[in-house]
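Data block below; observations after.
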Amino acid sequence: MQDLRYFRNAYLEIGNFILNALNVIRIEDVAAFVDLLVNTYRSEKKVLVVGAGRSGLVGRAFAMRLMHLGFRSYVLGETITPSVGENDVVVAISGSGTTTMVVAAAEAAKKMKAKVVAITSYRDSPLASYADIVVQVPGRTKVAKMDDYFARQILGLHEPLAPLGTLFEDTAMVMLDAVIAELMYRLGKTEEDVKSRHANIEVL
Amino acid sequence: MQDLRYFRNAYLEIGNFILNALNVIRIEDVAAFVDLLVNTYRSEKKVLVVGAGRSGLVGRAFAMRLMHLGFRSYVLGETITPSVGENDVVVAISGSGTTTMVVAAAEAAKKMKAKVVAITSYRDSPLASYADIVVQVPGRTKVAKMDDYFARQILGLHEPLAPLGTLFEDTAMVMLDAVIAELMYRLGKTEEDVKSRHANIEVL
Amino acid sequence: MQDLRYFRNAYLEIGNFILNALNVIRIEDVAAFVDLLVNTYRSEKKVLVVGAGRSGLVGRAFAMRLMHLGFRSYVLGETITPSVGENDVVVAISGSGTTTMVVAAAEAAKKMKAKVVAITSYRDSPLASYADIVVQVPGRTKVAKMDDYFARQILGLHEPLAPLGTLFEDTAMVMLDAVIAELMYRLGKTEEDVKSRHANIEVL
Amino acid sequence: MQDLRYFRNAYLEIGNFILNALNVIRIEDVAAFVDLLVNTYRSEKKVLVVGAGRSGLVGRAFAMRLMHLGFRSYVLGETITPSVGENDVVVAISGSGTTTMVVAAAEAAKKMKAKVVAITSYRDSPLASYADIVVQVPGRTKVAKMDDYFARQILGLHEPLAPLGTLFEDTAMVMLDAVIAELMYRLGKTEEDVKSRHANIEVL
């Protein structure tokens, strides 16, 4: 039988990358993000999630859980996407921070006086430049490799097996699910609350 | 400043769950899945990915990478979804293995003589009953908690912080990304190949 | 230069079919549908639109306009799809009235005590059997040709050029846009209201 | 019982607008569009359809039928969207011809040496400036009212009941379905061919 060495190594690489990333995600950025979301919930403002490709899918998974918690959350590009205005929140996700359409959406959101949160690997990216809050999530990205020292020593990354944005996307998925756990605590939500808002006519 | 204890704990819970899950995912199931995909690629047959809710989003992320590798991959429920027939592959994702529409799609696929792969936590679920290959991925699910011993001793799961299918979904995401790494090796694909098929007009 | 005879004939066939269909759409069914929607708007209940394939796209176009009017409208199968309950409205669209997933969604909606509106060509279809209101819209469909007399004499349909559900889908699109006009009048909405709720960060 | 005067008038307005539009759609533009699609089919090049909001939904309905005819068609913004290159075709739909993301996509497509077809009401719009072929479809649009004489005398439009882009969208839907009829003739496709490629696992 095959040993599936690449499967195992990639699995371990991604799993360990995710765990180690917790050491480099700045907790004060996450705290600011959580506070903003709590205020947005209480003021019944909207949250619009924006991302392209696989980052967009991670964003949708987050938007779905926000809806389960009772947020007025939406996904840019789907049928039901309302206008955004002052104090609505736009969560824009791009590993490189350069994805044209995501940067354009963040810029437009800023003009509407919405709050912009950037989930990106690059604090100095175009996306981050429009953001009120930047939550930096490590990952190799399309535009550039992570700084070597950072990648090899701190994250223990050698011979990358996960192509393009994979590490960023999988880490962002876990990070955002952990934000959901903190929000549940802060808003006093139980799993039953989540279940009650879960679609009861479930299709694809 | 807040300590964001729930954020940290949930992050560690999910990250450790993912890593530990590698010990319980049966490598022979993954090998059969990889072999089927390699044959599907070589015979230019289609791969149709099916899943509801967040499992569906994980499936889309997988389908996108398959496309980047040159597969004829599709997502059930999107605009461009072709008919499936003999020896096409349907990858159906459902933690509980009971999601009505996913089970119905697997049953329909079986009738069309497509090969069905179930990604699920339950080997004895309705979904698994239609599958040629079952890749069992642990996770708490909507229908039932994992067996206590398994959950607490092997996976180290206490006081779950990740609601509903979160652990299944995040673990399935990493498992499927590791399958992509193995496929890249088996099919001799480089990251450049992936990049060349990546959408060059990227929007949401 | 080519005469594009098939283009012209198909265009005229579809255009005339749409206009003639107004003579066979029962105005009392439309009135009941409009009344239900007005009540749904006033009681701030949800409207969930359901349809597969091209009928689903027509449904999305309708759901988008409902949102522009201030309705809490949603589309089954998109990321943000909430649970439905008593007195929410499910608008299910299927020319044949037999599309498995649409019928299943209507049946599920009925169990949740939602009101079901069927947009279909067949008053005796499985879909219609779950409906509180049936708005019958003519069209050739996948499962059966329209009754010959009806098709040829009343609708003037010969040598059909529009494949499968085309006539149903295009007629349903216009019918639902006319429902929007009536709703604007009944709810006192202006085009400015529509524009103000139109997405201001528009992407695909 | 209510007379549903607004429903009836809007229905007639849209239906008559669609029929009258055939007099102003330039048949040589449609012929060039059909020729391009026939060549694209024969050379097995890709067709990527682009549109925002309701125009995007009309585009998806067209892309779905192209797939039914055996085209390699895709929709920008969905999961499976490949890269485009030389001699692939991008069909970009925008009534006003100014929708930012659609114009950006057309510009990007042009750089990749793809052929760009603009479906728009404005021959002098930014979108049209990137197009190899412009198929002008009348309609009131968000940015400007149609020229009065054109609107009132030729199209017979008074007191518009269809908000924003409705007339453009519904007319484009019928126009594109008539293009499908012409393509079926040119490519020798029957309704059976369409049916055989229609999704056989149909969900939303």
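To keep things simple, chains are lettered A, B, C and D as they appear, and every chain counts its residues starting from 1.
One rule holds in what follows: a residue touches a chain if its C-beta (ideal position, glycine included) is under 8 Å from a C-beta of that chain, and two chains touch if they have at least 3 such contacts.
Computed from a predicted structure; not experimentally measured.
Residue numbering shows that chain A and chain B use the same positions for more than half of their mutual interface. The interface holding more C-beta pairs in contact, when C-D is weighed against B-C, is C-D. Chain centres here are Cα means. That of chain B falls 34 Å from that of chain C.
Put simply, the C-alpha centre of chain C and that of chain D have 20 angstrom between them. Multi-chain contact residues, meaning those touching two or more other chains, occur in chain C at positions 50, 57, 60, 64, 76-77, 79, 100-101, 105, 198-199, 203-204.
Across the complex, chain A is touched by residues 57, 77, 79, 100-101, 104, 203-204 of chain D.
Remark: chain B residues 48, 50, 60, 63-64, 67, 73-84, 90, 101, 105, 108-109, 112, 196-201, 203-204 touch chain D in the complex. Note for the complex: chain B touches chain A at residues 1-2, 4, 6-12, 14-16, 18-19, 22, 27-28, 30-31, 34, 50-54, 56-58, 60-61, 64-65, 68, 76-77, 99-102, 142, 161-164, 166, 169-170, 173-175, 177-182, 184-185, 191, 194-195, 198-199, 202-204.
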